[in-house]
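Scrolling down, you'll hit the structures one after another.
There are two complexes below, and they share chain A, which is joined by chain B in the first and by chain C in the second.
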Partner chain A sequence: MASDTSRLGFYLLLAPILLWLVVLIILPHIGLFVVSISEKIGPREYETGFGNYATFFGEPLYWRTFARTAIMSIAATALTLILGFPIAYYIAKLTRGRTKTTLFLMCMIPFWVSELVRTFGWMILLRETGVLSNFLQYLGLVNGPVEMLYNDAAIMVGLVYTSILFMVVPLVTTLDSLDDSLIEAGYDLGGSSAAVMREIVIPHAMPGIVSGCIVVFMLSLGNYLTPILLGGKDSLWFTGMIYTQFITRFNWELGSAFGFLLLALSSLVVFLGLKLSGRSLSETMGRS
Partner chain B sequence: MIPTVPQPAFAKWCYRAYVVMFFIFLALPLTVVCVFAFNNSVFPALPWKGFTLAWFFGTEAPFIGVFNERAILRSIGTSAFVALWVSGLAVIVGTCNAFLFVRHDFRGKALLYMLMLLPLIIPGVILGISILVFFSSVANALEDTTGLWFDGLRPGLILVILGQFSFITTFATLVISARLQKFDPSLEEAALNLGASKWGAIWQITLPFLLPAIVASAVVSLLMSFENFNTTLMLVGSDAPLTITMFDKLKQGSTPVLNAVSVLLIMISAALGFFSLLFQKMKR
Partner chain C sequence: MTAPQPDLVCRDLTKTYDAFRAVDHVSFDVPQGSFFSILGPSGCGKTTLLRMIAGFQSPTSGDLLIKGKSMIGVPPNKRPVSMVFQHLALFPTMNIGENVGFGLRQRRVPKAEITSRVGQVLDRVGLPDVSARRVDQLSGGQKQRVAIARCMVLEPDVLLLDEPLGALDLKLREHMKVELKSLQAAFNTTFVYITHDQSEALVMSDNIAVMNNGRFEQIGTPHDVYHAPDTAFVAGFVGDANKFHAKISAVNGSQLTLETPAGEPIKVEAPNPNLSVGQDAVVFLRPEAIALATSDIGDTVNGSRGEVESVLFNGANSTVTVRGGQGDIIKVALPQTGDFGTLRKGDTVFTRWDPKKARCYPAPKG
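Now for the complex of A and B:
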């Protein structure tokens, strides 16, 4: 179908995507980098240098928050995988037909609802006057109200809750494609449940595990609502610092440097995940 | 552990109990949000003081319901405005992209496809600040050279729409491409043989085939836009969409009005979800 009209059609189709990617993705990120390497020396006067990055590494509060955000995101990812895998396995392998569709849809329902609403729900549950605190008192397990909000555990619960769908869906998809007879063969050959899991199921599910982990890690790292609302004032989440630099302090240069560091970490993890699984970005992300 | 391989009953029951607990864990926050919207108390917390609809329809302080709370109503309007724009733009560009990637082969296609996926792996906050920084510097440069004002490039609804559009388009592209790949080109060729013009064939044959995917991606885009927080937070001006307004109120201390708004949001999401499911069933 190669003709002049098709050539014209091709350029007409190329225009919107180029406009979108260049104006809204590529140029802004170049701009962000340029601002991050400019230092303010006077009103509307700048010079180029890595001073903002030096500030980041020189101030323990900044890089410790960065490290803390990264470590907690890794922990949240691991926890999500551990909690989500049995569910995905149950849906993919132990249910059939209607039940399977229903359970799968039930997994999705909470995520049709705004993250703000979900986080608000956790606040009502975990608060000092909240539902869980009252429930524990009713059971007689504690005397007096307990505050379960505003600590790292609350942030963790929120992060896992927010991102578990993105772990379960790719896992169900990959586990679905595993033929039951392979598992049967594993048992027939004398494998224990643990051995079958280790040798057959997990290797087969690896693509799903990797893409799930990448997405969950990114979502946790870039999350703002959950850490701020569930962690309170001392949540020390890196996106919160970026927000402070941009909106409260109006120090865009430092904020841009922070943003770039976060982007670098997130890209590095995606890159490592893809290397680890030996798959391309298109294969991993394009399917979801 | 599959049905055909026998397992001890105890292990089976433990597994089932875990699955049940998991679904309780999923449902719990949403349930309490909904339940406390009807509590006759000024705090969304226990004790239960009786059923009321005051948080929806109330007119007297402190029981001012959602439908009488100006700030919330206005921000729902703002969110709807933004969502319609984002969804419309994302679907149009997404459809173009689908045709580009499925129907054309060109140099740099793989690179362009990878670039198209990039917004998925950029954290929303970064997307927001990069657009903020870039458009502000463009606005500064333009204002310095022309002496005019370029408020559209400053934080505000236009930037919010562009910011959300910048990553939602990727989802639209993926959904519509997947459907276009299943299209049998011989149908279009048949239309051409029967005398249809190229555009006529696309308009009457291909686009109707794509309609379920177009509707699905429009619904998903609407929802994603309505719910977006991270990108919006960085780009918002004086007109705040609903999520931003709710966040501000939540930080000040929550009242059951927020529960009532949440109930409305859940109902809207559910309605849109059902609509898209029904539509897909009908088309099949």
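Now for the complex of A and C:
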């Protein structure tokens, strides 16, 4: 009896997550996959085949955009790590008590505002008639207005800005758990700052680095708003392309194929990242 | 020829935090190959002192010399000292061999030489064949030895130890005391050991410095510190002692006569010139300096009659507390020779002690 009721409790607790997984993730993906392998041969006439995927590989604009999205996302992840690590190290190791809490909060406060508003903030700063452009003119460094929006650098700034919190939080958590005496022992045994960082701090922070990178990479790859608003019409971001297929071109079959390719890409890159860092996914997610 | 210069010399070393002086004009030197302990209660400044020697904190004033060279302004990674941390600080991301080889890698020693030197030092601490193991696969005592090996492989001039035995259980701690001492003798390296545990300091050290409130109260051999404490603090902190407050009623050379608040006379022989008639004083008396008898021994010096208050059996360290006629309680070591095996609460006993065995100091003001 007792085991029956506890088993019932287990299934009841499991039900929401199962429901969420099956109804919102697995079923739509099966649907999308079915759509993605249907080729349109005439009005309301479909045939099963991989023609949609062939279209993707046959059209350079599609796969170049795809590759560009992947490379830019990896670059954004690397940049976020390079910027986020010193911030996290400072918060976790060089501050105490109130200062620490305040700094941590200051990292989070911008995220209380919607992403859309934050991105518009960047547009106000960077556009031709924006704050930065006017400031440069005021200083006399440039003669006319400068357009700083609608290029890859603007996209990169936006991506790093949107996702840096998701890098800083896991890094602060793992660096916090690093005993200060380990760092001191490293110096005491003759290690230089670089050696202590490389041999003691970074290996310890590895779980945080890997999980932060996975999250930031996925967020960048799947980001729609930032590349479109900051990169303009020529942003050529793959999510934008999926949107176009579904909404503008009404070509759900190709759009679904694109969606699946993006899923495959993010899985592949995460897998490679884990292989390179020599960690398993469960280990990474479990520890941070 | 001059005497070989000491490995470590501190001169008027001072560390001040805002209004608080953690280390106050400390001067000492440690000869090569000796085991020097700094003993003091927590918060006495001993950790600050050790961290200044290691280079993690810089002194406000004073000088620190290792092998005759001033270490002021030298960062910790450039000092010829190594430190065994309180919680050992073995790197959990490396295996034992990598841990021990860390310092050598920093010095860019060739790889083959690192392997052989790591093997040798692990042999010397009695842990061959553990190189490939992870840190969490070792027991507490083994980790301790690895931490020492990790420092000793660098052949430091001075090895600093920050209460490394604190985290071990009692049995292992007793064992490690002996082992540390023999390791120190085997490596013939100067050890500076800080602890709040007087038994660790007494067992292992060649010299002990007793520290309190940032100052050294006394530097001496374990025997001196125990039997001839310089100050009231040392007498009270090192070893067990009965403490009486009394007023000096007569001084005759080194012979003092004191009177307890209850009016009982005490005779103490103390070569302390700072005491004069009428002054308040504290008298310290070791429990083992008091002789116990079950029958009256007549009117002897410092003899009194009392009643057993309680018997605290602790093997060889058993004691009885005796309540004297005036209600004062003294602790007396209970010899385990069998003579007092039947002693029970409420029994009448007679105590007496030699005036030479007690120590007398001026009472602290206020």
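Criterion: the second predicted complex is superposed on the first by the 256 of 288 C-alpha atoms of A that agree within 3 Å, B and C clash if a C-alpha of one lies under 4 Å from a C-alpha of the other, contacts with A are read in each partner's own complex, and residues count from 1 in each chain.
To be clear about the criterion, contacts are C-beta pairs under 8 Å (C-beta built on N, C-alpha and C of every residue); 3 or more make two chains touch, one makes a residue touch a chain.
Here the structure is a predicted model, which means the values were calculated and not measured.
Undergrad: Once both complexes are superposed via chain A, do chain B and chain C end up clashing or fitting?
TA: Aligned on chain A, chain B and chain C fit with no clash.
Undergrad: Tell me which partner A:Tyr187 touches in the superposition: chain B (first), chain C (second), both or neither.
TA: both
Undergrad: Mind working out whether A:Thr248 is in touch with chain B, chain C, both or neither, as first, second, both or neither?
TA: Once the two structures are laid over each other on A, A:Thr248 reaches no partner at all.
Undergrad: On the A-aligned overlay, A:Asp179 touches which partner chain: chain B = first, chain C = second, or both, or neither?
TA: In the superposition, A:Asp179 contacts chain C only.
Undergrad: Using the superposition on chain A described above, determine whether A:Leu263 touches chain B (first), chain C (second), both, or neither.
TA: The first partner, chain B, only.
Undergrad: For A:Cys107, is the partner it touches chain B (first), chain C (second), both, or none of the two (neither)?
TA: First partner only, chain B.
Undergrad: For the overlay on chain A, what angle lies at chain A between chain B and chain C, C-alpha centres, nearest 10°?
TA: 90
Undergrad: Between chain C and chain B, which one touches more residues of chain A when both complexes sit on the common chain A?
TA: Touched residues of chain A are more numerous for B.
Undergrad: Determine the nearest approach in Å between the Cα atoms of chain B and those of chain C after overlaying the two structures.
TA: Here the least C-alpha separation of chain B and chain C stands at 5 Å.
Undergrad: Touching chain B in one complex and chain C in the other: list those residues of chain A.
TA: 184, 187
Undergrad: Spell out the residues on chain A that touch chain B in their complex, using ranges where they run on.
TA: 5, 9-10, 12-14, 16-17, 20-21, 24-29, 31-32, 35, 83, 86-87, 89-90, 93-94, 103, 106-107, 109-110, 112-118, 120-125, 127, 129-131, 134, 161, 164, 180, 183-184, 187, 193, 214, 218, 221-225, 229, 239, 242-243, 246-247, 252, 255-256, 259, 262-263, 266-267, 270, 280-282, 285-286, 288
Undergrad: Mind pulling up the chain B residues that touch chain A in the complex?
TA: 1-5, 7, 15, 18-19, 22-23, 25-33, 36, 43-47, 92-93, 96-97, 99-100, 104, 106, 110, 112-127, 129-135, 137, 162-163, 165-166, 169, 174, 198, 223, 226-227, 229-230, 233-234, 243, 246-247, 250-251, 254, 258-259, 262, 265-266, 269-270, 272-273
Undergrad: In their shared complex, at which residues does chain A touch chain C?
TA: Chain A residues touching chain C: 179, 181-182, 184-192, 195, 199-200, 203-204, 206.
Undergrad: Quick check: in the complex, which residue numbers of chain C touch chain A?
TA: On the chain C side, the touching residues are 54-56, 75-78, 81-83, 85-87, 89, 91-94, 102-103, 105-107, 150-151, 154.
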